[in-house]
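The same chain A turns up in both complexes below, where it pairs with chain B and then with chain C.
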Partner chain A sequence: MLRSIFYKEWIKIGKITLLFLVLGILIIAGIYLTVRHDLVLTDAEKIWDGIVNQRQIYFTIFKFLPLITGLVTGFAQFVPETTDKRIKLSLHLPMNEEEVVLKMVGFGAITVLSVFIIFFLVFYAWGIVYFPYEILKLASLTVFPWFLSGLAAYFLTSFVILEPIWKYRILYMLAGGAFLTLFYKSNRAGAYQPAIVPLAACVLLTSISSLFSIYRFRKGEM
Partner chain B sequence: MLPKISRYFLLIVTVITLAYVLPSIYNTLFDTRINKPFITYSQTKKDYFTYRNVDGKPKYFDRKNKEYNQYEYLDATPIMNFHYHLGKGTLPDSFAGVKLIPQQLRMESTFQFFEPQQLFAPAYGLYPLFESRPEFGLAYPKDMFRINRRIEFIDAKSNTINEEKSRKYLEALIKEGFHFPARIVSGLPTLMKSKDEGWFLTDNQEQLFHLMMVKGEPYVKHIPLPAGVKLKIIECNDFDSGEYFAILISTGNGIYTLNKRDYSTTRFPIDDYVPENQTMNIMGTLFDKTVTLYREDGVKLYTVDRSYKLVDQHEELVPLKSTMTIGKVYSFLFPFQLSLDSPYNSFIRFTPVKAATWSWIILNIVLLGITVWLIRKEGKSLKKSIIDLLVVAFTGIFGFLAVHIIPNKQY
Partner chain C sequence: MDNIVECRNLTHYYGKKMVYENLSFNIRRGSILGLLGKNGAGKTTTINILNGFLTPRSGECIILGENSRNLSPAVKAKIGFLIEGHIQYSFMNIHQIEKFYSAFYPNWKRDAYFELMAKLKVTPKQKISTMSCGQRSQVALGLILAQDPELLVLDDFTLGLDPGYRRLFIDYLREYAKAENKTIFTTSHIIQDMERLIDDVMIMDYNRVLAYMPLQNFLGGFRQFNFETESSQTPIVKNGLVINFERVKNSVELYTYGKEEEIKSYLGGLGISYKNFRPVNMTLEDAFIGLTGKY
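Let's turn to the complex of A and B:
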């Protein structure tokens, strides 16, 4: 049963996941090919100085990619479920309804997380070729909140789409949108270091939010 | 059970979000500017002059609140505003028996500031070591150093450690008694300076050192500190006066200069500086230095002479936002605020800030009453809504909105 659920979910989000994976890797490649180009054309120490002392962030183009990945994956996975209330079919499977939804969301979250891990590994491994670990450490602390916002966006998208009543969907969107702004409050590299754990805890709190929407759906809210 | 838990989780996240967003919106709409007064010391009048904008015109007031126009102010502060008097040809020939030479006035005119955000800011821990005695002007070094368990110079082009240079500087530091790792590393990592004085470091045993590169060779000097003094901040400068390398702030918040002539330190007679939440600036002239401490509730100034003896001091208070209408309404609406960014900190940090007064209790009680009324009106059980009621009681408007955005349907 688990394999079948995962297969069904993969049919919905497989192509979009691969598209974002390729897009993200291309963006990271673009970032580091630009760095390499600058290192060839200008003095390397000036690029380091720009990052270390002038507070330049060489990867800002990457900023909203995790957020968009999370949002689009959530859309791709749950909009087909709510069209013509197809989710009813899943909820009538011979297993606990909450378990079905948790497995669907779990699969999507693992997929999004896997894409982010690949992004991060490529970002770090390519970066360490040109920069010392001090620069990559602060760069990592800068991109972590962006990845967390992507995961939060995925969970909240599923929560909003599965909600049966439009009035509440709009309220959830407003509250969720406000929550997502918390991940983008500073443009300074490494500034989020003390906030990463609290933000990760908040993302964890949103991870089972779809259960609440499904609960309302099951109880006949229309 | 799980759906109910998921709702409570969502309530927590919504309260956190609203506790940041609503006060931010309120401040964006209604915030008022509180101008911290700009105050200068007049050597000739032995008085402080406060700048205020009155009906769009600059006005100056002395300590007795006597009003001066801009011309009168400039005449009262010939040393501070010597550029103006040079242009008009009204600079006195001498003051207090000292001949006023424009070039010397310019050299001795200094300004340095330190704000709390500099103390709490993310740092890379990579530093460029300039050639301090270059043949042809300052040039940016090809490498940067890190100083953890040892000192390592990393070549920027190849991103590899220059082992030979690293070993040479490691030996020089160890020879001078440096204990790794470094705690504070302070310098001026820029080409926008007239000369380079290298870096000032404190080691693992709170000792102070001066590190420079002179003709490609390491220059390391252990600098004795007054007994019992441990440093918290070193703020370097590039003054032409050549009087001191840096301002040192001790862990006891003492303010010192690190003098260039013999690496000695001189303490300012100031005991109420708190670098964690006050901005300090030091304005120097040929005759004195005025230290200004900007607090949330006011400004305090100390003027010292060339031998750092207190000449005069002055304090002005500014109204606190919490005592103004905007602050009173704020305290009524919000029982607390979740602060992420702060004027005292460059980091993003989840900091709950409680309201200045307890007036929010009234609104909390009203909102609690409305919630009870709505629960009864919808025919729900109060017993099953006890957590929602507690959320509203303790978090006020944030909880009230949260429990209605995420509804508690009792099926």
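Let's turn to the complex of A and C:
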């Protein structure tokens, strides 16, 4: 049954996942080609000074990619489920209703997380060519909250789309949007280092928010 | 004969709007019960309560021994569910959707599904979303036949079907249900052809049940009489004898469970002069309109 649910979810989000994977790798390639160009052809000292002393971020273009990946994956996965109240089909499967939804959300989260891990590995591995460990550590601490925001965006999107009533959807969108801005308050590299654990805990809490939407649906809110 | 579904004293409101109060009905094992009503009469509400998608304000439905609010996976596996408009996972094609569902049901009948699919003129990779409403209805029906459930719950399955597909759907379903001793609960606001399918009928109007009985009893007992009258007034009132009546100019249509003599006697008692008094044969659709009114 688990394989079957994963099969259905992959039909919905497989293409979009691969598209974002390619897009992300192209963006990372673009980042390091720019770095190479700047180091070789322009003032390398100035670039080093910016990164080391002024904590400038040389990969700003990557900033919102995880967020958009989470949002779009959530849309691609749950809009087809709620169009024409199709979620009834999933809830009617011979399984516990909460279990069905958690497995659907779980698959989406694993997919998004896998994409982020690949992004990170490519980003880190390519960075080794140009930068020492200390700079890559700082870069990792900078991108980590962005990946967290992507996961949070995915969970909140599923929560909002599964909510049966538009009035509440809008309320959740406003609250979710405000929460997501927390991940983008600073433009200094590594600024989020002390907040990563609390933010990760908040993201973990959003992971089960879809259960509330399903509870409301089953109660008859349509 | 045992009941596969027992609903007792269902009461539900949407806000302050009452859908119905103290609705009770049973579905006998092996029978086909049709819940007929106009749009907004509470048909889908009843289906949602049966499937556990709606908690009624009071009352309960027991399905295969379990309360519909908390159906176990084992009981859900015995219930085939068709959503209004033959909604299915339209982002899949006919092979993908069969592969998906087959893992959930131990008695999955793959051949029954593909036998029906063979009648559709669709390509193997064609997504369900690109099929016609009639083709989608056959996919939904095929999936239910393959699931081989004990109880089929069909929400307004006639919606959007042209006469050919409607007839095909009904004939296939009836033959299957009777051959396999399946129980069906179906709703519809399109009455045409339903008398080919159902054994028992429940007709709902806003807030109330107008009729609930075996179909043959309803068709045999509910009568229409037409007559012309020159009287300017028609002091007929809806009561135990006169269920409904409509007057257009001098022509009166009167609906009743009473006999011809009783109606004539009633009209005579009111002093209504009439001529050309005649019984009219009714189809189920005529009887439905007679009972619920034209508007």
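Methods note: the second predicted complex is superposed on the first by the 217 of 222 C-alpha atoms of A that agree within 3 Å, B and C clash if a C-alpha of one lies under 4 Å from a C-alpha of the other, contacts with A are read in each partner's own complex, and residues count from 1 in each chain.
We take it that a contact is a pair of C-beta atoms (placed from the backbone, for glycine too) under 8 Å apart; a residue touches a chain by one contact, two chains touch by 3 or more.
This structure is a prediction, so every number in the text was calculated from the model and none was measured.
Visitor: Using the touch definition from the top, say if A:219 reaches chain B (first), chain C (second), both or neither.
Guide: A:219: touches chain B and chain C.
Visitor: Per the contact definition in the header, classify A:4: touching chain B only (first), chain C only (second), both, or neither.
Guide: In the superposition, A:4 contacts chain C only.
Visitor: Which partner does A:122 contact after superposing on A: first (chain B), second (chain C), both, neither?
Guide: It touches nothing on chain B or chain C.
Visitor: Would you sort A:25 into first (chain B), second (chain C), both or neither based on which partner it touches?
Guide: After superposition on chain A, A:25 lies in contact with neither partner.
Visitor: So, does A:85 touch the first partner chain B, the second partner chain C, both, or neither?
Guide: Second partner only, chain C.
Visitor: Considering only the touch criterion stated at the top, classify A:136 as touching first (chain B), second (chain C), both, or neither.
Guide: It touches nothing on chain B or chain C.
Visitor: Identify which of chain B and chain C touches the larger number of residues of chain A.
Guide: B
Visitor: With both complexes overlaid on chain A, does A:12 touch chain B (first), chain C (second), both or neither?
Guide: second
Visitor: Determine, under the contact definition given at the top, whether A:95 touches first (chain B), second (chain C), both, or neither.
Guide: second
Visitor: Considering only the contact definition stated at the top, list the common interface residues of chain A for chain B and chain C.
Guide: 219
Visitor: Taking the complex as given, what residues does chain A use to touch chain B?
Guide: Touch list, chain A to chain B: 39, 43-49, 51-53, 98, 129-132, 134-135, 138, 141, 159, 168, 171-172, 175, 178-179, 181-182, 185-186, 188-195, 198, 202, 205-206, 208-212, 214-216, 219, 221.
Visitor: Please output the residues of chain A touching chain C within their complex, sorted ascending.
Guide: 1, 3-4, 7-8, 11-12, 80, 84-86, 88-89, 91-96, 217-220, 222
Visitor: Any idea which chain C residues touch chain A in the complex?
Guide: Residue positions touching the partner: 48, 51-55, 73-74, 76-77, 79, 81, 83, 85, 87-92, 96, 99-101, 103-105.
Visitor: So in the complex, which bits of chain B are touching chain A?
Guide: On the chain B side, the touching residues are 2-3, 5-7, 9-10, 12-14, 16-18, 20-21, 121-126, 128, 140-144, 146, 154, 156-157, 159, 189-190, 340-341, 346-350, 405-407, 409, 411.
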